[in-house]
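The data blocks that follow each hold one structure.
In the two assemblies presented below, subunit A is common to both, partnered first by subunit B and then by subunit C.
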Partner chain A sequence: MRVGIPHFGNVHVAIGAVADRLGAIRGKDIIIPPPMTKKTLDLGVKYSPTEACLPYKLTLGSLIEACELGADTLIQARGTGICRLGYYARGQELMLHDLGYDARFLTLDISHHKFANLLRLMKDITNDTRGNKMWLGEVISAFFFGIAKLIVLDRMEKVLYRVRARELDRGMANLVYKEAVEATNDALSVREVRKIAREYTGRLNKIPQNPRADPVKVSIVGEIYVVIEPFANMDIEMELGKLGVEVERTMTLSRWVKYSLFLNYLGINEWRKVHKLAGPYLDHDVGGDGWESVGEKVLRAQEGYDGVVHLAPFTCMPEIVAQNIMASTREDIPVLSVACDEQMGKQGMLTRIEAFVDLLEFRRRKRDGRKVCNAG
Partner chain B sequence: MKTYLGIDVGSVTTKLALLDESNELLASIYLRTRGNPVDMIKRGLEEIGRQMPLDSEVCGVATTGSGRTLAGVMVGADLVKNEITAHAVATMSCVPDIRTIFEIGGQDSKIIIIRDGVVTDFGMNSVCAAGTGSFLEHQAERLNMQIEDFGPHALKSSNPARIAGRCTVFAESDMIHKQQMGYPIDDIIYGLCQALVRNYLSNVALNKEVRPRMAFQGGVAFNKGIIRAFNEAFQTEVYVPPNNELMGAIGAAMLVRGEMGNNGRRTRFKGFGVSETEFEISSFVCKGCPNLCEISQISADGKVLSRWGGRCDKWERVETIR
Partner chain C sequence: MVKVCIPRALLYYQYYPAWKTFFERLGAEVIISPPTNKTILNLGVSRAVADTCLPVKLFFGHVMSMMGKCDYIFAPAVTSLGNKAYNCSKIIGLPDMTRALIPECPAILGPEINLDKGRYHFYRNIYDLGRYFTSNPFKIKKAVEESWRSNLAYQGKMSSEGLTPVEAIDIMCHGRQEPDSGPAPSLSLAIAVIGHPYVIGDDYLSHRLIHLLESMGVKVLVPEMVPEGTLYDAAKRLVGTPHWSFETDIIGAGEYYMEEGVDGVIDLSVFGCGPDSMMVNFVQHRAKELKIPFLHLSVDEHTSDGGLLTRVEAFLDMIKWREKICV
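And then the complex of A and B:
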């Protein structure tokens, strides 16, 4: 069995780690498709219904690339939320069959019993691959190794956000972070992962920065796939960083794992506060991450952020609902909504974010009683 | 005398404006880009050099518009600014109580919402270019008239034809249909203007709080028919500032004046001699990964000045502009 996965942020690092621990060989037992490129997008767009959303198209493209490399078993998420995610696996499976890839789909239900489902899935795969029975303990230990890598990467990313907005030589922080991801991906033990985290965090912090910089702070909210996968949002975080903006986002893979797989079972809901804040405007789930987007806007306004960038796949119903509600809340914080799809032009996006950042800076100057712009 | 130059390279036209220290317009030029921004920028510079008062020197240059990066590299700009900010700054300084700006150019249309002298929201056409200058021009050509004559015709209409404005292709077939039905040309033209304004308001201005006082600028603001349609849609006078077509360039010049004055920086402007320089623009496809990015490259006298267009920093970092 050759298991293929679609790309999603740094998920491949965690999957690779789990595979290593369980004795699977990368490239043979586990197929991680190449990083997403225009080719992935073109493949996905070509074989998807036009009205499907970008995450569907991108994951399909990524799965096709995994099949091209010989994957015969594919992992895809499914759910029962008010969103098209429920149809992803089935639709993609049919399309892959039509294309002549006789791949088996293993779906992971992320709406109910996530942890048990995930462990069962991992156990099935490993038993099948190695031919001998696995101890549950081994599977769990491998699983935690994967999570450790995700946690470390997300922590380093927070440092990246801070440094990128202040660095003197634009682009340095990105280079270091890229190396850090590579190194983490190759690490073989938790100890090594910790060492890498220390080393690269140190290197990031040592990048020469402007000590007087007071960057505009922007929070990224929206649909989880386009928020987390940089290819889907045309590296919007990096582009904002280049403009000297400090970005922040609540939604990360390690946070999702921590709560959805563990703490939610103990009755701890990571979004409780956000849902409560959204309450006056929206008091129930509208599917996807719509409810969270509305609540986060309110939260960020209270926390004194300068702005919110709202990312949504084009035609994403939950986020369209959220976008319209966000436009009319009392909290006074500018929101830039960006619809992500294959038609999105990078130049247009850059013009919008540049203008948005100017808007935020002018507002800040006005609030501080300074001259709004030097031109007057 | 200290002067500041703003260059707005749009999709259809190139605008240059030279301001003095009190934002007085000293020289300006409005050119059609005709798909050749490099030559137009050079011609524009030449013209400004000729119009400029003798005792003046350029102390700062800013570029804006969709061709801002290219123009910035060519002339040695001190500031490269997006056109939304540039327009807002220019209009706020000449109409202090402004609250809404409509800007319709060659290929894009924008709305800028201003409250108490600060931009609070903006919107840009994202899905379609219906109702922009290029389309109007195309229709004028089809009706065999100059685009400048569109306005006077529209003003004569008393019973405008209802034209579908959601999509320009359908608008065109609707116009043909109405012509064949024997509608007077004035009514068809004004009907088209109304359709474009409707389309603008339901697309670009969707969910935006449009409040007076409103200004209408950009190349399309020359069209009296569109102005009339805006006035009728809002039941109020939409103000068209003088030099409406230059607002982007003026705003850029004002911004660079502020920037240079505050920092006491020396300008990087390469001088009017730029119009003599031979620029070479080329592009190639980077084969580093399957993204196959199209990298644009501009060189002068065989020396690469800048590259852009990549998804990653690979080519941009080879020669950084600054």
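And then the complex of A and C:
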């Protein structure tokens, strides 16, 4: 069995780690498709329903690439929910069969009993691959190794956001972070992962920075796939960083894993505060991440952020509800809504965020009666 | 008398008889907004975010057209109709979006209908809704029961007599005469038109597609003409347990009518409809397997009568030509 996965942020690092621990060989037992490119998108667009949303098209493209590399078992998320995600696996399976790939779909139900489903999925795969029964403890240990990598990467990303907005030599921080991802991907033990984290965080912090910089702060909210996968949002975080903007985003993979797989079972809801703040405008779930987007806008306004960038796939239902409501909340904070789809052009996006950042700086000057010191 | 306005959009086509009975039994006067026209569309488009789908924009337009003419606007959030199936986010967030986009509109009655949360939650919300009009719980209970009966009568009328939702509402609520069931004109083709009732039923949105087909001598079949249980079973055969309540009717009807052997299937959906974009794909795939002609019509603000007519004519010509060759 050769397992293929679609790309989603740094998920491939975690899955690679789990596979290593379970004795699977990368490229043979587990197939991680090449990083997403224009080709992935074109493949996805060509074989998707026209009006499907961008995450559907991108994951389909990614899975086709995995199939081309010989994957025969594909993993896709599933859920009985309000959003289109519930039908990704079915639609994509139908399309891949039409294309002649004889791939089996293993779906991961992320709406109910997530943790049990995940362990069961991992156990099924390993049992099939190795031919012998796997002890559950081994699976769990491998799983935590994968999570450790995710946590480390997300922590380094937070440092990256801070440094990127202040560095004197534009682009240094990104290079270091990219190296860090590579190194983490190759690490073989938790100790090694920790060492890498220390080393690269140190290197990030040592990058020469402008001590007087006071960058505008922008929060990124929206639909989880386009927020986390840089290819889907045209690297908007990096582009904002290049303009000297400090980016912050709540939604990260490690946070999702931490809460959805563990703490939610104990009755801890990571979004409780956000939902409460959204209350006056929207007081119930509308599927996807719509409710959270509205609440986070209110939260960021109270925390003194300068602006919010709202990312959503084109025609995403929950985010359209959020967008309609966000525009008329009392909290006064500019929101830039970006609809991500295959028609999006890099230059067009750059122009929009430049104008947005100009607006934020202008507002700041007006508020403080001083000039914003922009790094670089 | 308290005036409650039901906008002639979205779920109006599915539940109007039930809602009307409910409010009238509670002593309110029910008024509905006028049929969709250009002004209403423009009002809606002016407020909503551009990506919003057309029926929701129309809903806002209808709400705005009734401003100052009523005391309450009825805009329920129909979240789930049970079976772990939900509705589109935009229907769930309808009262909240209306409140946010049209701050000057009259008080909104927006109960959350979520049968997935259990009976108590449902009864509680209906009771709270009734409390706007009366403090007598028995009166509310009676209104609910009558409303349920009229809903069953409405659905029964459509499935037994083969009426479209608009025809059934006209007969039941607006006292229009039943059409003479004289000698049925010889209809050469049977075509299933699948889509949301609020798209097919709205003459402005659908560009009178049903009338157009009927004038061309086609027998039109819509999802509501089949009993709900049959549709659910058909949908289950096609995609397993459906996640979206309203899509069940659409794909179920597609599957059911194709098995019955219709001459063609037309899917009428609006641009940007999330559930349709996924589900119609399965029907289309099935039509390919069964070799049944399938036409996907996507309408938006810019669709013109002429363009639609050309496509429908070409589709019908293709079916007739195909039958000639096969025979």
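One rule holds in what follows: the second predicted complex is superposed on the first by the 369 of 376 C-alpha atoms of A that agree within 3 Å, B and C clash if a C-alpha of one lies under 4 Å from a C-alpha of the other, contacts with A are read in each partner's own complex, and residues count from 1 in each chain.
Note that contacts are C-beta pairs under 8 Å (C-beta built on N, C-alpha and C of every residue); 3 or more make two chains touch, one makes a residue touch a chain.
As the structure is a computational prediction, the values presented were derived from the model and not from experiment.
A.B. asks: Specify the outcome, clash or fit, for subunit B and subunit C once both structures are aligned onto subunit A.
C.D. replies: fit
A.B. asks: Scan A:E354 for contacts with subunit B and subunit C and give back first, second, both or neither.
C.D. replies: Only subunit B; A:E354 stays clear of subunit C.
A.B. asks: Which angle, to the nearest 10 degrees, do you get at the Cα centre of subunit A between the Cα centres of subunit B and subunit C?
C.D. replies: 80
A.B. asks: Go through the superposed model and pick first if A:G290 touches only subunit B, second if only subunit C, both, or neither.
C.D. replies: In the superposed model, A:G290 contacts subunit C only, not subunit B.
A.B. asks: With both complexes superposed on chain A, which partner does A:D235 reach: first (subunit B), second (subunit C), both or neither?
C.D. replies: A:D235 sits against subunit B, while subunit C stays out of touch.
A.B. asks: Answer with first, second, both or neither: which of subunit B and subunit C does A:A339 touch in the superposed model?
C.D. replies: In the superposition, A:A339 contacts both subunit B and subunit C.
A.B. asks: Considering only the touch criterion stated at the top, classify A:N324 as touching first (subunit B), second (subunit C), both, or neither.
C.D. replies: both
A.B. asks: Is A:M122 contacted by the first partner subunit B, the second partner subunit C, both or neither?
C.D. replies: Neither: A:M122 stays clear of subunit B and subunit C.
A.B. asks: Classify the contacts of A:C83 with the two partner chains as first (subunit B alone), second (subunit C alone), both, or neither.
C.D. replies: Only subunit C is touched by A:C83; subunit B is not.
A.B. asks: In the superposition described above, what is the shortest C-alpha distance between subunit B and subunit C in Å? Please give a whole number.
C.D. replies: Checking C-alpha atoms only, subunit B sits 5 Å from subunit C at its nearest point.
A.B. asks: Residue overlap on subunit A between the subunit B contact set and the subunit C contact set?
C.D. replies: 324, 327, 339
A.B. asks: Touching subunit C in the complex: which residues of subunit A?
C.D. replies: 49-53, 56, 80-84, 86-87, 90-91, 94, 98, 281-288, 290, 314-318, 320-321, 323-325, 327-329, 337, 339
A.B. asks: What residues of subunit A sit close enough to touch subunit B in their complex?
C.D. replies: Against subunit B, subunit A makes touches at 34-35, 37-40, 171, 174, 235, 324, 327, 334, 339, 343, 346-348, 350-352, 354-356, 358-359, 362-363, 366, 372-376.
A.B. asks: For a test of understanding, state which residues of subunit B touch subunit A in their complex under the given definition.
C.D. replies: 23, 66, 81-85, 89, 92-93, 116-122, 124, 126-127, 207, 251, 254-255, 257-259, 261-262, 289-292, 311, 313, 317
A.B. asks: Could you please specify the touching residues of subunit C with respect to subunit A in the complex?
C.D. replies: Touch list, subunit C to subunit A: 48-49, 51-53, 77, 79, 84-90, 92-93, 96-97, 99-101, 103, 112, 239-240, 243, 271-282, 285, 298.
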